[in-house]
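I have a structure here, written as structure tokens, and I will follow up with some questions on it.
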């Protein structure tokens, strides 16, 4: 069932300790800062977080990591010039890292939403990141077996929602939003605008409302 | 390279005997009748055709089958009340049939375009259509290993193209178009309208021009 | 007799006589009305080709049901008539349909990802046979001269959270379509959760077959027709 | 000295002296100009973070090159400045960029499907090392205290039809980055087809390393720097 909520606090209230939480965004584009702040306020801990990065500067996901709420990161690019909170936790052995090539991260998230039990991809074949994984030659190329990444909750940012929960995004802020919405049991979207049902063109919907559970408008 | 052609005949001129040809459409919606007619006129034979169905009535794909140009059909639903040409060829042993559940057909086509070497799907597990195929239990469910379906050529129908080959479709005529465009080495799109580059909203592109090689406007 | 009165009577009859909720077998429309009534508000539903499409005639607007059609749409409306007919807007049975506000279109891989990914709440299908453990056979008679055609049947069977079957209980020859094990080629293993027939509603699953309600027969009379052990469903077994 | 004059000289020099096309090593911008010139008209190209992004400064409009950025866009334009800057429109290096007419946006799985599916003509990447058979090492130093980060490097390496590497030939310590076998953790096997360095352009692949042109050195001098056998590329080896 779809709920429209008044505050980000209500939106994230059901997130339990130990949950796997997907967080949309690539860098700051599409990162749902307000939902992350609410998650920080809400106190859930022991989280596994799926995001392309591991937080930047002193905001959003970086703060969640700083506060010790994140047990494990699944991401492709944790190390950035301003990823000091992750760096510190990682070097202190206080956070687990599953490093996944970016395209495999995206495809594994997509597989979870699409009900695919696993797939073979050439990305990573013969590298450190395929160590211990099943491989085989397909279409004449070495390929690595990868499995879906499911989540309890997805926190994403979109531009506009309609009354049935359909979403559209804005430019490259779209990035992980659509695939995370499909991969999580419960998807929470923060949007800039809510329009009545019928206010979005059916040809242009990027995330159908079937993938969305909670919507909160953020000014 | 992208070409805009004046006639459907020019568009299909390069299709060789023995090619694997994907043809868009679900029933008549999105079926590129004019391109199929041109393929019929062009004389290419020994084709493997990928389509959801195996032709209806006395038009399009049904005629291609009637004329003996199709060596093999890969489809999910060949038998319909008006699929008499396929029925006759099949009963006479003059056409090969690879029957694929519709969702596996779509996902196998998608896999080809996306560079996935193979995937496991629960669809078909334990049925006749999984006989001889590798299976394993994943996510607690029996799943079947399926491989990508590549093609030499895709013939698809879209609504509008822009000058860079970006495509948008119309309603449920979208069906197989976007995934076939990505899965074929050479994609030919018949469209109702061509607009200048910049005439389609970048947020609403369904098939980016990178997947399109030839465009022909059909009145 | 409408199903509304049936179901009201049914509830009372359930108290009085057990699970017999109608004095007569249900017709196709009454059965469709019953299925429609059982779909929870807010559900996302796919209605298979044939008898299941009748269900859409009995969905109430206040149920807020969203219909999916596997050729690429959520928010499908009623069958199109007259000037509404548009060859680019069809359902999985290739029948022209309409679009409701809030609809969305997507390509075939995205559409079947919705199904295979378990996002549909209910799929309603016809069947040749259903086994005691919920195996479904509905795509192929297995006759040597039959041309096989599967379409989306296997995807629907394996994908939805609940698979409801609608069928007559007996074949024209009087054989039960609920069977110990399917003799027709199966569509999916253990996927059916509920079977709506003219004579009864059955709940199927790993624990065997339970009967929720009967129409025009007692549980004992029903058991005489069906070659698998039946038991009455518990009161909350709906 | 601009690369245009270099390359003209180069053609003549190629006839005169073999493959030496410049009297001096190339600077980063000259190298970027050379890569840009070598990209076939109409190509779809992904430029990696760092030195490869310089290539975009030298692409000519008449080349009709479409740039892909793996965070979800085709038709990326130049870096945004002033009022153009929009936090929702960034490239893979998280730098604000612009949108050209004909652009399209898509989600991450669709974007990497473009790469993994082999639809990009060329990807230009930086590197720590390239092996004689085209193995690439560009994501991880392998140092015990380094925090690994891979991003899209492995997807780009395995996905594009041609992978061009741009790098200095030698490390600061004077060691060749073209090696018999990579000592850094690899990004992809046998994926690099061409290596643009300050001292020479190399063609790599299963048949070993060929030199297309040299800058400020002869083939013999180059061979002294590089620990794998080099041979001059055939005339059509561009």
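Letters A, B, C and D mark the chains in the order given here, with residues in each chain numbered from 1 onward.
As a convention for this text, a contact is a pair of C-beta atoms (placed from the backbone, for glycine too) under 8 Å apart; a residue touches a chain by one contact, two chains touch by 3 or more.
This structure is a prediction, so every number in the text was calculated from the model and none was measured.
Student: Considering only chains that satisfy the touch condition with subunit A, which of them also satisfy it with subunit D?
Tutor: Of all the chains present, those in contact with both subunit A and subunit D are B.
Student: State the pair with the higher C-beta contact count; candidates are B-C and B-D.
Tutor: B-C
Student: Counting in whole Å, what is the centre-to-centre distance of subunit B and subunit C, each centre being its mean C-alpha position?
Tutor: 31
Student: Centroid from C-alpha atoms only, then distance subunit B to subunit D, rounded to Å. What do you get?
Tutor: From the centre of subunit B to the centre of subunit D is 35 Å.
Student: Hey, how far is the Cα centre of subunit C from the one of subunit D, in Å?
Tutor: Taking the mean C-alpha position of each chain, the two centres sit 58 Å apart.
Student: Which positions in subunit B touch two or more other chains at once?
Tutor: 107, 114-116, 121-122, 169-171, 202-203
Student: For subunit D, what residues touch not just one other chain but two or more?
Tutor: In subunit D, the residues touching two or more other chains are 73, 99, 105-106, 109, 112-113, 115-116, 159.
Student: Could you list each pair of chains that touch one another?
Tutor: Touching chain pairs, listed by label, come out as A-B, A-C, A-D, B-C, B-D.
Student: Taking the touch rule as given, give the residues of subunit A at its contact with subunit B in the complex, in rising order.
Tutor: 107, 111, 114-122, 136, 138-139, 141, 143, 147-148, 168-171, 201-204
Student: Quick one: which bits of subunit A touch subunit D in the complex? Just the residue numbers, please.
Tutor: Listed in rising order, the residues of subunit A that touch subunit D are 26-30, 52, 76-80, 86-87, 90-91, 97, 99-107, 109-110, 121-129, 142, 169-179, 206.
Student: Within their complex, state which residues of subunit A touch subunit C.
Tutor: Within the complex, subunit A contacts subunit C at residues 1-2, 112-116, 162-164, 166, 182, 197-198, 202-203, 205, 208-211.
Student: Where on subunit C is subunit B touching in the complex?
Tutor: It is residues 69-73, 86-91, 94, 99, 105-109, 111-113, 115-116, 140, 145-155, 158-159, 185-189 of subunit C that touch subunit B.
Student: Using the touch rule from the top, collect the residues of subunit C that touch subunit A in their complex.
Tutor: These residues of subunit C touch subunit A: 42, 44, 66, 68, 74-75, 99, 101-106, 109, 112-120, 159.
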